[in-house]
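Each of the two complexes below includes chain A, the first together with chain B, the second together with chain C.
Moving on to the complex of A and B:
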């Protein structure tokens, strides 16, 4: 499979924050979730892909094209859906669409009209009258109408109700029915990704913890729970983080099977959700 | 084809798909030549990852239950039901042999083992 997006050794520093040599790639035809707690660097990565901020080092390739040297070609294939789309408030959706359409060679007006209808949006509506969720849908409708091959979404589901989120997720999985299209989707609401994502990249404090197929992560990571002082964290293979309570220990391991073999019946074992993984990696006591 | 994905099941999703498709082939609900949805279509319908459905199809294909015909799609493979059943029987036999070996180690008598088996069998219903 060809990569829709390839990021290598991407670096950016702000006061008090460094994005440390991030590398990952998204194969065409797949959905990748970019997860991490607030402030981990998710939005920074997306802004660097969009070349909205200057990178210090590294490379971003969109379908093989450099996002700075070949910016127009690269960007024509991206549909960027961000959490607060910015359009003139008093202009109708239809007029906004006709203003942006000339920038995209593959703009499909009929598809745009169909998508708005599907999303229950009227092209006569003024942008300022849209709710947060409707703005998101409008931005997605624009991205779909210009036939974007890579849809980038920054926190699309935050602030949306569950019905709306579900609808959005179904729409995203519809997008990749076309094997050339891909989606990159940043979120801290991991349950949205637990279902549809093909790959998951977790970043924490500006560095990549893992970037791997979701199934692989959910099969190898797990929770080890033991009461009292039956198990000490240091004997758990693949320990990634743990939490002590008055009654016992809860730990995240990246090697659930090895942990099960070496600790045996002294503990109980559970699958870890992406949320558990994110929690333990960012908040757990690592070497307690 | 019927597939029910349980999120609370301890089995990975791809295994749930493999098991359900297999059992429908073995029971004859799906017959040779029946078309299966594409990897992407199935992922969309079940709202799961395409990698998961691909893995399930790869596994089914590896075991000879389905054939993917380039450019045409995926179909239930033609197979001999007798052989299929025999293959399944063999799996059961192997598992039982394992259980017997364990039982012998623990000094469990054949009659105790039979009782255990009967209990387990009845419990399943």
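Moving on to the complex of A and C:
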């Protein structure tokens, strides 16, 4: 399967933070969720893909093109929605669109006007008068209007009301009905991804924990819950993190079936949600 | 490159119109006042200065509103963005000179003799002075944004103030400290005077090209290395 985005051994360091040689790819026609707690490196990855920050090592290929050596060709196929859209505040939405449109050969003015209408935005409004949600809608309308094959969204749903969040997710699902299109969606709101993502990449402290199809993750990861001292954490195969409370042990395993076979009826087993996985991996005690 | 220039003009339309209004007032003032020394130099410098300021304003506003991330996410190379800024700044400088000339010609109370003000020597020397200032200023603006403009202007004023104090209190007016300034001043007078030749003007053009070339490559390297 052709990859919309291939990232290999990407490295970037800041004071107190290192993105550690990360690699993953997004198959064309899929939605990938990039999850991780705040400060994990999600925005750094997206900025590196967009060449907004300089990489120290590694490679990024967008539909087979290097994002630096073939920057204009690669970026022409990307629609980028920033976590904090950065358009000039005193310029109307229509004028912003007219400034951006000539950069994209596949720009569709009618589609842009229609999307603005759907999102209840007037092209006469100045950017500074928009709320955060409206700014995100406008950024998405721009990304959709140039018929981007890869849409990169950095925390698009944070700060949005549930109605628009739902609307956005439905819209993204519609976008990938066209099998050429792909979406990379970074968020810490994992419930959004459980609804629409095909693949999930978890990043923690600058390193990839996993990058796999969502269904595979939700099938293999699970929670093991045991009361009192019935089970010790070291007994659990594939242990990824655990916490002890007054009621006993709660642990995340990456091998749910193996844990079930090994521990048997001394514990209860549940499927883990993406939120559970993110919580235990970032906050749990791995060797408790 | 044209698309970047067009985008810059669209995003900064109101600001450019405001600058144009201010520039018109400045030019009307200078064209009405032909007394004092070198009104022609004031005229040419004012025209170029305002044009070049517009170029710097584009880069500073980009930093202020954090629109660099938008521009750098478009399908263009960063070197193209800097090249477009250079071309636009030069276009604005030359357009403001044309505008200033037309304005001065139609103003009934204008005291400036256009044929003596807009001659090759004045235009080239004006461009030389402004190229020296803006060639230093643009890399600062590209690297540090609005703060860079402030740093440059404040540093320039502090240095000038220190030079004035040194001359006043330590009687350094004739010392070797003031030698570079005297040399520059005498050089400019010579270039504007009747003894300068075609070869001197060619040398001025070469220096203008060198300054702008150096500034362009420095700005391009700084912009390419900038993390947004």
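Criterion: the second predicted complex is superposed on the first by the 288 of 288 C-alpha atoms of A that agree within 3 Å, B and C clash if a C-alpha of one lies under 4 Å from a C-alpha of the other, contacts with A are read in each partner's own complex, and residues count from 1 in each chain.
In this section, a contact is a pair of C-beta atoms (placed from the backbone, for glycine too) under 8 Å apart; a residue touches a chain by one contact, two chains touch by 3 or more.
Quantities reported herein were computed from a predicted structural model and do not represent experimental measurements.
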| item | value |
| --- | --- |
| Chain B versus chain C as contact partner of A:100, first or second or both or neither | second |
| Residue contacts with chain A in the superposition, chain B compared against chain C | C |
| First (chain B), second (chain C), both or neither touched by A:72 | second |
| Which superposed partner A:80 touches (first chain B, second chain C, both, neither) | second |
| Contacts of A:31 with chain B and chain C, given as first, second, both or neither | first |
| Which of chain B and chain C A:271 touches, first, second, both or neither | first |
| First, second, both or neither for A:173, with chain B first and chain C second | first |
| Partner chain in contact with A:88 - chain B first, chain C second, else both or neither | second |
| Residues on chain A engaged by chain B in the complex (per definition of touch) | 29-31, 169-170, 173-174, 176-177, 179, 195-199, 213-215, 218-219, 271 |
| Complex contacts: residues of chain B adjacent to chain A | 10, 12-14, 40-41, 43-44, 47-52, 55 |
| For the chain C and chain A complex, residues of the former touching the latter | 3, 6-7, 10-14, 61, 65-70, 72-77, 225, 227-228 |
| Touching residues on chain A, where the partner in the complex is chain C | 47, 50-54, 71-76, 78, 80, 82, 86-91, 95-96, 98-100, 102-104 |
